[in-house]
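Below are two complexes that have subunit A in common, paired first with subunit B and then with subunit C.
Right after this comes the complex of A and B.
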């Protein structure tokens, strides 16, 4: 028993988090910044956080993750980190020559009250930022929100810094992506292209965190949204933002600063959420939905009808980020599965409201919790009280799955013990097909392994 | 892809590469970095700048004090609840990411290593202080798990807002009646992980060692210090000691328990593997109890044999010596057979290593055994003594960062039964015969002339080193792995062993040889260049949709 001390009996906990279903802001800020071309993330704090965040991203993507740090001393912790950041900016431009340095704070620099805006302004005034180069900054205190909040804050800062409204409107749509895989970024571009819409996708980690092996290390790989693209976002016709927790601030900033209106949508996971995404794109770009998209959708629905008996009534426990969990629950309900337990460490008041919308009169069949004290320990306790047929979440769910002998679908961040997530999308109709394929593989494998010999099926 | 170089006639003078590396740095940075790079000459003493702050903006390998304290020293100990006081990140990142395997005695025995415990501090705890929450979290942990001990770790913001983890721990220890103690291991406190090791050593010594004076068991009792059971290394060493009849009382800290730390002062000898991370405990045990320590190394077949012999020589028992020789003869035969098969395939290959404390040194033995050449190496968080040997300790400047770490004053125990006069006498007698105690020669004397030693290597330096040396193998950690591999050079992670291992002891040597064969003889790298790259004349004259 890996988690031998977990019992089904719950006590009321107010102070202790055990096995968190979230992590801290800076890692999200780092990931978002990597989706901008020529950008070097910079962690303003002690070097430990930067090291941890780089390691976490590297283990998940199996790719180089570059980022610099202010390497605080005890002195900087007392007197402020301005000198460290100014020196860092100078060192970075001369040694690593990025186009952009994207600075995010840590709980250390936040606690001492470093004002990143003011320090960056000083760096510019002191001539530490070469012509044509940029330093952007985002405040990402780790005692507020989660890794998703950090992603949100950095994304907002990116569009705020670059997008400019000119007199020349552009026939293009801004696409703001929540925290999804490079494969999903690529899928979003494929769908837009199929629809004949010119989009600016930000961030875009495809070709950055799934870079090919060429025998040459590139500090700034081919991918990422470029500066001219970012600038042009202020002139777009519309913004389509997917994943409220990750993109809302950026969408609002584009609206406020550049008068680009936005649609706030779920991540296109499953049939209905993808439907809403396609409709929003088609309206935003004023284009009809091409038949090829109908056909992809039809293939997904066909698969559901063909395999419905295996989904029907199966109980599922899920943990992860709200932006994934909400449309995923909706999708599972469409399959007639039962999302029985849902946990996210990421706070956000609308979570409960959205769950109620999605579940409707089925809301009583789900136990859910989000926010600072929602953790995987409690999810496990619920599972011990009444079991489930499938567990969905990041790699850390493995220990629960092994102890309780539950089929386990890896989705979310981080996935450090399997590959595929960065190469095969789970967004869109094709992504839906992949999710179903994975679920069916797991459920059928489980059935095979647990059937008496005479009941093993050849055809399913 | 890089073209390989031939250094069979000796290594080239690395001065040009040092100059090239620093030419890109701003002048102040260049001046500082230059002191951390030395063209090695094993015959002479040369100072290497070490254990100094990384320059802001530099992409470094280093982590933080908390990582050293919570992650390295206390992390692998299974029967204690390690509670991280801080926002969630620090606890999340140290959650099962270090691969210290552990095997509880029974199916139900205590094992908290799969859990991550945190106070998950929120905004209001930063503003109003988190001590109340910490106390409540300790109570909740006690209620849920009823552990025998709880360790509390401070992260960056905790130190700044002034939460006193020591006072809270004292109060809660009194309230709950179990051993509870805190560590001031805030990430900003030191230069690197090293400070955390020191803080952890002090804490364990103060709060755990000596809590249980149980009577001796077994004729030959030792502790293994600085062995973290990555990939099962300690399991392999436990096997050897058990067969030899040596009682391994405690391993600090791999497959370990706080329970065993509590009576670890009842041994006859401490064997220190990773000098940097844990020599403090060895020193303190000697001062307090008179227990001598030796430096050991179990990486590589011949090093393992040497260390086993040294331990047997210490006990000076004919039966033990015979048993140890028997094990060595049997195991070395196995090792030799594998080596003979693999060595011809990898001989002459070039390796470089930039890892942790001891690994950048110990693994050179394995490469030597295979006829491979270490062209450049350095530590992530070492001090000068790890490079140059312990004789330089008196010359090391004490800076503000070092002064920051509490220095314990250790005095001789007043329990006459625990003070080991016999061991003190034995040490004196053996020393006369040339037996080396409390000794570490450091990494540099073992390395070849003109090999390049670099402390706290940075990303830029790594790239330049690869260009210059065109190594066949690079050893470092996860942050470097894919960077290096994208240039067509395989990287072996020596922190996690890339989820292989064990690599310690005789079995470990065999595993490592096979791993080198896999990595160095593979055809994979030949796939990198596309076939059409070398035949540019394949240009289409007919295009679809033209």
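Right after this comes the complex of A and C.
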């Protein structure tokens, strides 16, 4: 009983997070930056931050994660980190030779008042940035938002720095991806290709954080959105942005700076959200939906038909990022399941509004919370009050699942006790099929293991 | 592009080729992809295994989230340490200060958990906004009667090593607070074992067999009550000297308890660790027991190691770990498997450790301080290593290079201490170095 200390009665907490359902901004900035080809993330703060973020990403993706640090000392904290960052930029270009350095701040550098924009401008003016190379920066204080906010801010920075509108309009669609797995990035490209639409996907961590084995250590693996692609985004016909928490700023920046209009969508998880995504792509690219995609959708719906009696009324507790949770709740409702408890540490007022939209007249069935004190301790207390049949969330859900003996589907970040999650998509119709398969496996295994002998069924 | 950071040349030595002494204990260059962590990290990993204490991270959520149960330190009883408590500082707190929040969080926590003691970890930002954590801790101690111990571990104040020191300072405030305890005849403390994969339990059994009792382990499977009375022990046995030397020296000064630096890794070092303790008590029976234990264990171990040794003979290993002292034991243990160490480095090694490494390694071995992925990958290629021993960030790099890997850090799954640990080590190294997977890779 790892969480034997969790009380059933809700304690009034004003100033405390227990077992967080989020982490801090810089790790998100680092992940987004890794989805740009030839980009070295740089953490402007103490060494620990960089080390923790690299470790966290390494544990989840099982791939080398490279990033440099300003290595703050007591001196830098008193006199400011400008000297460290200027020195770092010089060192990085001469030793690690990236095309882009993506600098993000930390709570420390933010609080002492380092102005990244000004320091980067100075680096450029001082000739520390070689021709054709770039330094971009994003402000990512750890005490604002969550890891998703950091991803959002870095993505916005990337787009703002590179996208340029020229006279030459391009028959292409920008695809802004929220925080999803490399496999999902690959799935987004597969779907676009099937639809016959040229897209620029950013960020794109496929082939970076699921790189094949080559026998070589590569500082900059093959994947990632390239600079010419990023530049060309200003000339695209439209932007399709998926995952509001992660992509909104970048979508607005493209609209404001380059007059590229956008559709703001959910991540395509489940039938309806994928329908909306496909329709948006089809409109943006002015192409019809190919039969192949219809057939994929048909297979997903067929699978739900085959198995719907097993989903009915099953209560689910979920935690993670809003961008995943919202469409996932919608999908679960379509499966006739009951998303009973939903928690996200990531703040944002629209979460409640969207939950109400998704749940409609079923809103009374759900207890949900996001932002301050929305943590796994809260979720566990709710589960203790009335149990659930399934728990969905990152690896840390294991404590609750084991203590309460609940089938547990690992989804989200981080997953550090299983492998495979970064190889199979959960987006699109095919991703829907995978989610279904996983849920069914768990429910049926639970039934098998908990049935009295005379009730064990061979055919289920 | 120059391959290495210019100023780092003094921190790299190839035995037999370079004449200069290895430079160490330097700050990392800004812009390096250093494998090092921060002061807070050092404190957290040292104190985390005290299982009946409440560990509250005072800072933004990240510091708590990234150190949530990653140590792998096992507890035979309470599990309070595995929960993640944070004041989760927000913008408002950064502007107006976080003291109130800290006070109110701890009042709630102490009330509901009634912990034996509380550690409050100061993070970077707390140092900058100037919260008086010590004052809050004092106030809470007075009001609640629970020991509330500030850990001054602001991330930027140095390296991981300075974090060890901050942790030791906090520990020393607990040491000696129970003076009524009557110790057994032959008693020791183990300093610097964190009970990864249950290693402490192996050692405890060995010491019991020779007739010595462990009063406290700092901090593996740790309990506050043990720390309070550990000043009654006759001897401190220091395993992870990098982290715990400070406590050993303080206890020697304050309580006149001598200490011995030992290692529990490999046959030689494990045996010495037992003999030295027996010798300290100067009781022939203890020594006889130690000799019997060692010969019994070795008699079992040597034949069991043989099949692995046969397969591993002549293979080469690269080591990059946190502290350099454990690298010394690793070199010896690898030798026992017929393997040669060709690269060895650490994040925070000191002069003594590196000097000893230079003495015991063969000609051509690269010794390196505060290295980074580029260098490591080059050294490994140059020297033709077959195995990499390191931590979480080195594992995928080793794999990408097509090398076997063994974790000698937080994510260790196998107990490597003691005689049985040596066998586990051999199995793990064999499983990785001789895995069929490498034949699919063209290096």
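Note that the second predicted complex is superposed on the first by the 460 of 460 C-alpha atoms of A that agree within 3 Å, B and C clash if a C-alpha of one lies under 4 Å from a C-alpha of the other, contacts with A are read in each partner's own complex, and residues count from 1 in each chain.
Operating definition for what follows: a residue touches a chain if its C-beta (ideal position, glycine included) is under 8 Å from a C-beta of that chain, and two chains touch if they have at least 3 such contacts.
Computed from a prediction, not measured in an experiment: that's the story for all the values here.
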item: Subunit C versus subunit B on the shared subunit A, clash or fit after superposition; value: clash
item: Subunit B versus subunit C as contact partner of A:255, first or second or both or neither; value: neither
item: First, second, both or neither for A:334, with subunit B first and subunit C second; value: neither
item: First (subunit B), second (subunit C), both or neither touched by A:115; value: neither
item: First (subunit B), second (subunit C), both or neither touched by A:99; value: neither
item: Partner chain in contact with A:217 - subunit B first, subunit C second, else both or neither; value: both
item: Subunit C-contacting residues of subunit A that also contact subunit B; value: 1-5, 11, 13-20, 22-27, 42, 45-49, 51-56, 58-59, 62-74, 76-77, 84-85, 87-92, 94-96, 106-108, 111-112, 141-144, 146, 211, 213-218, 345, 372, 377, 396, 399
item: Contact set on subunit A toward subunit B in their complex; value: 1-5, 11, 13-20, 22-27, 42, 45-49, 51-56, 58-59, 62-77, 84-85, 87-92, 94-96, 106-108, 110-112, 141-144, 146, 211, 213-218, 345, 372-373, 377, 396, 399
item: In the complex, subunit C residues that touch subunit A; value: 1-5, 27-41, 59-68, 70, 79-80, 82-91, 93-94, 100-102, 104-105, 108-109, 112-113, 124-125, 127-129, 155-159, 373-374, 377, 392-393, 395-397, 399-402, 411, 440-443
item: Interfacial residue positions of subunit B with respect to subunit A in the complex; value: 1-2, 24-26, 29, 53-67, 83, 86-97, 107-108, 110-112, 114-123, 125-126, 133-137, 139-141, 143-145, 155-157, 159-161, 187-189, 192, 400-401, 404, 459-460, 463, 477-479, 481-488, 525, 528-529
item: Subunit A residues within the subunit C interface of the complex; value: 1-5, 7, 11, 13-20, 22-27, 40, 42, 45-56, 58-59, 62-74, 76-77, 83-85, 87-92, 94-97, 106-108, 111-112, 141-144, 146, 211, 213-219, 345, 372, 377, 396, 399
